[in-house]
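There are two complexes below, and they share chain A, which is joined by chain B in the first and by chain C in the second.
And now, the complex of A and B:
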């Protein structure tokens, strides 16, 4: 699996949304990505890339796109 | 009159994240304008968000003798329709852009509009009735708790006393406004002339913390899930000099986490206060004084000022020994009038006489501190929201006929048991959509048959083996 596939998969598994919908996802716009979903998502990303996300980044990860920028800080290339 | 907003004049009553700053004097004026647009004492459905307009549709109405029923603005439309048809409110106070058949917008302020229904003032209200709250907001059950002016005032006075609140407080919203615990935070701070920081953002969002720091928040409340999240987010590494107090209610916090927050608060000069309550008791019944939090980890504390607990055994006899489990019974002026399940019930007066059977099982220790050990009734707390398991079963049975289904689980983990495996995923999605609760908390378990006794009643005990 490529890193991008792993990244998409984290959203699919944590938020239980179809892969084709993930690119448009924004925090708070659906029940799937509420505060509960957010914590599942962070856990999924941490597992997938074996990283520890800082609080500052946890609260910044507000969209699918934003998440890509954040992962770059952890040397994860998508 | 509940609060007397005018007496705090230019002091700020509320600051919103998008920059609206409203003084007490202005809030009082706006409340009277809204009352005048409404035209008298009647029932109003207020669709709540954490905004000043929504606060106006709660506190502004109660202050002026209009009775709001507080509902989540995100409530499923079909469930809202059910409540609307059952209670025939005279108005809806709803965000701009909210459309509802047969209603006409007659007034607006701060992004909210007053929608006039065709029902007029036909729903009669008992003179003591101040406010309606749902016990199980997310399932749209037509059951409301009827709270009186005296209930709210008594509970608010107690809270102000035991939390020692004053005008220097700046609580930030973390709970929905239609949730009894959220309402109690508003009530107590409005009484002392404090400034409420209102945001629609949650603790997982940067804008929340920016607003928190910018306006110097002094306190917030959280349900167990809030504290699990804060812990998970490594909140304890944050520098928050303005923060003085964190309160916790809405279910039992894991003792380990309770201890962790108590320690952190002691090191940083803050207070962590565990509390216990129910909508049926207006909001609060007990609190754990922060000075004793460390030695009483896991307990919910002692009765609030003006209240009293007793434990009752199965025969209805009071238990006096320590360490013996019994049902918790509460006495106090904050015990609400009773329930309503239809419009006619709003004419009823006090049905409880100041005594509440909480439905919670508890024990008392030698110092008179209480610990909740279980629950008599069939409900769970999902992220702090009370979810009635029988109601969910009814919803599932209506939606998925031709199979047997049961609901069970533990707090934050709801289990759906059904006799058809193939429909379980659909049931899960359905309940999540209807309740607005994240699917992560819904688990499924197929069973060949749902265990029943001879009378055909579900044996929920036997389902517990599947709950992890």
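And now, the complex of A and C:
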């Protein structure tokens, strides 16, 4: 699996949404990605890439696109 | 605002001495009041009725505090409908009206960041393994999402591996706890829960089962009010003694906070005092004429916070009684005012995060 596939997969599994929908996801704008889903998503990303995300980044990760920028800080190339 | 909202959370939580902080708060709360006057017509009318022109104030204590109750009766917001991100509701047992607090993304993010900054002062920057002294059932049903669930989730940000100490039937998960503690041996552990739930379900079952988990590396943060414990004549000391005896837990921090001002929690330090962080302040008012009380004098607690931008809840009069216990003089070294809570005023309705748990 490529890193992008792993990234998409984390959204699919944590938020229980179809893969084709993830690119448009924004935190708080769907029932799937609420605060419960958010913590599952963080856990899924941490597992997938074996990283530990800082508190500020957890708060800032507010969209599918923003998440890519944040992962870059942890040397995850998507 | 003299300070950018986006950098507000980077201030050291307890680094500003009281006198400097009063000037800082006056400037910021003046700007914030003008922000709400422009965006919330109901708030503008209330200030006008109170004869207050926020542009002219010399101290933030001249701003009339809104009673927290107002948020139960009215929908007060300073953002257009389409910018609303979520609505928080206070806990309330059946039949009670709940507060509704309207959050946009900016205010919601600010709340999370400030809470993170305050917690880092007590827990360190590292995210710790976390034991939630509550039942996993509380967040299972998202539709029934309560202040209790929201509190648990908000504090879960500070964790990297989580365990609920109680199962869905409120039974102590002994196997789960044992495995979790083994896995995280030698690490600090963050524990979070609501005061009454901890007393009623966690401590009680530890005593009954005789199970003694080693939580000597634990740091407990608990809140939600003492009302139910006070009714049972349980003191802070008894609560702390019980935790030390049953599981070796000695680092225990109570906090005071409310859904109307999420984010700026008032944490109890190692010396047992509640501290005001740089973003918010406690003012004690005399119940007879609402004038500002002196240090040590008991009165109604007013809370002022720089965080509420999407609703005019920046200066609020609570229904709690308390007194200031010191100014810039706590032995723990944190600057600013310290205070204690003495209880809920009479006639006030029963509320509070853990207080609303109904026994079956």
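In this section, the second predicted complex is superposed on the first by the 78 of 78 C-alpha atoms of A that agree within 3 Å, B and C clash if a C-alpha of one lies under 4 Å from a C-alpha of the other, contacts with A are read in each partner's own complex, and residues count from 1 in each chain.
In this text, a contact is a pair of C-beta atoms (placed from the backbone, for glycine too) under 8 Å apart; a residue touches a chain by one contact, two chains touch by 3 or more.
Values in this document were obtained by computation on a predicted structure and should not be read as measured data.
Chemist: Which of the two partners, first being chain B and second being chain C, lies in contact with A:32: first, second, both, or neither?
Modeler: After superposing on A, A:32 lies in contact with chain B but is clear of chain C.
Chemist: Given the touch rule stated above, what does A:67 touch, chain B (first), chain C (second), both, or neither?
Modeler: In the superposition, A:67 touches no partner, neither chain B nor chain C.
Chemist: Which partner does A:58 reach: the first (chain B), the second (chain C), both, or neither?
Modeler: A:58 sits against chain B and chain C alike.
Chemist: Just checking: does A:16 make contact with chain B only, chain C only, both, or neither of them? Give me first, second, both or neither.
Modeler: In the superposed model, A:16 contacts chain B only, not chain C.
Chemist: On chain A, which partner's contacts cover more residues, chain B's or chain C's?
Modeler: Partner with more touched residues of chain A: B.
Chemist: Would you check which partner chain A:40 touches, where first means chain B only, second means chain C only, and both and neither mean what they say?
Modeler: Once the two structures are laid over each other on A, A:40 reaches chain B alone.
Chemist: Share the list of chain A residues that count as touching for chain B in one structure and for chain C in the other.
Modeler: 28, 31, 34-36, 39, 54-55, 58-60, 62
Chemist: Enumerate the contact residues on chain A facing chain B in the complex.
Modeler: Residues 14, 16, 27-28, 31-32, 34-40, 42, 54-55, 58-60, 62.
Chemist: Touching chain A in the complex: which residues of chain B?
Modeler: These residues of chain B touch chain A: 201-206, 208-209, 225, 229, 232-235, 237-238, 383, 432-433, 436-441.
Chemist: Using the touch definition up top, name the residues of chain C that touch chain A in the complex.
Modeler: Listed in rising order, the residues of chain C that touch chain A are 85-86, 105, 108-109, 112-113, 116, 120, 125, 127, 139, 142, 150, 153-154, 156-158, 160.
Chemist: Which residues of chain A touch chain C in the complex?
Modeler: For chain A paired with chain C, touching residues are 28, 31, 34-36, 39, 46, 52, 54-56, 58-60, 62.
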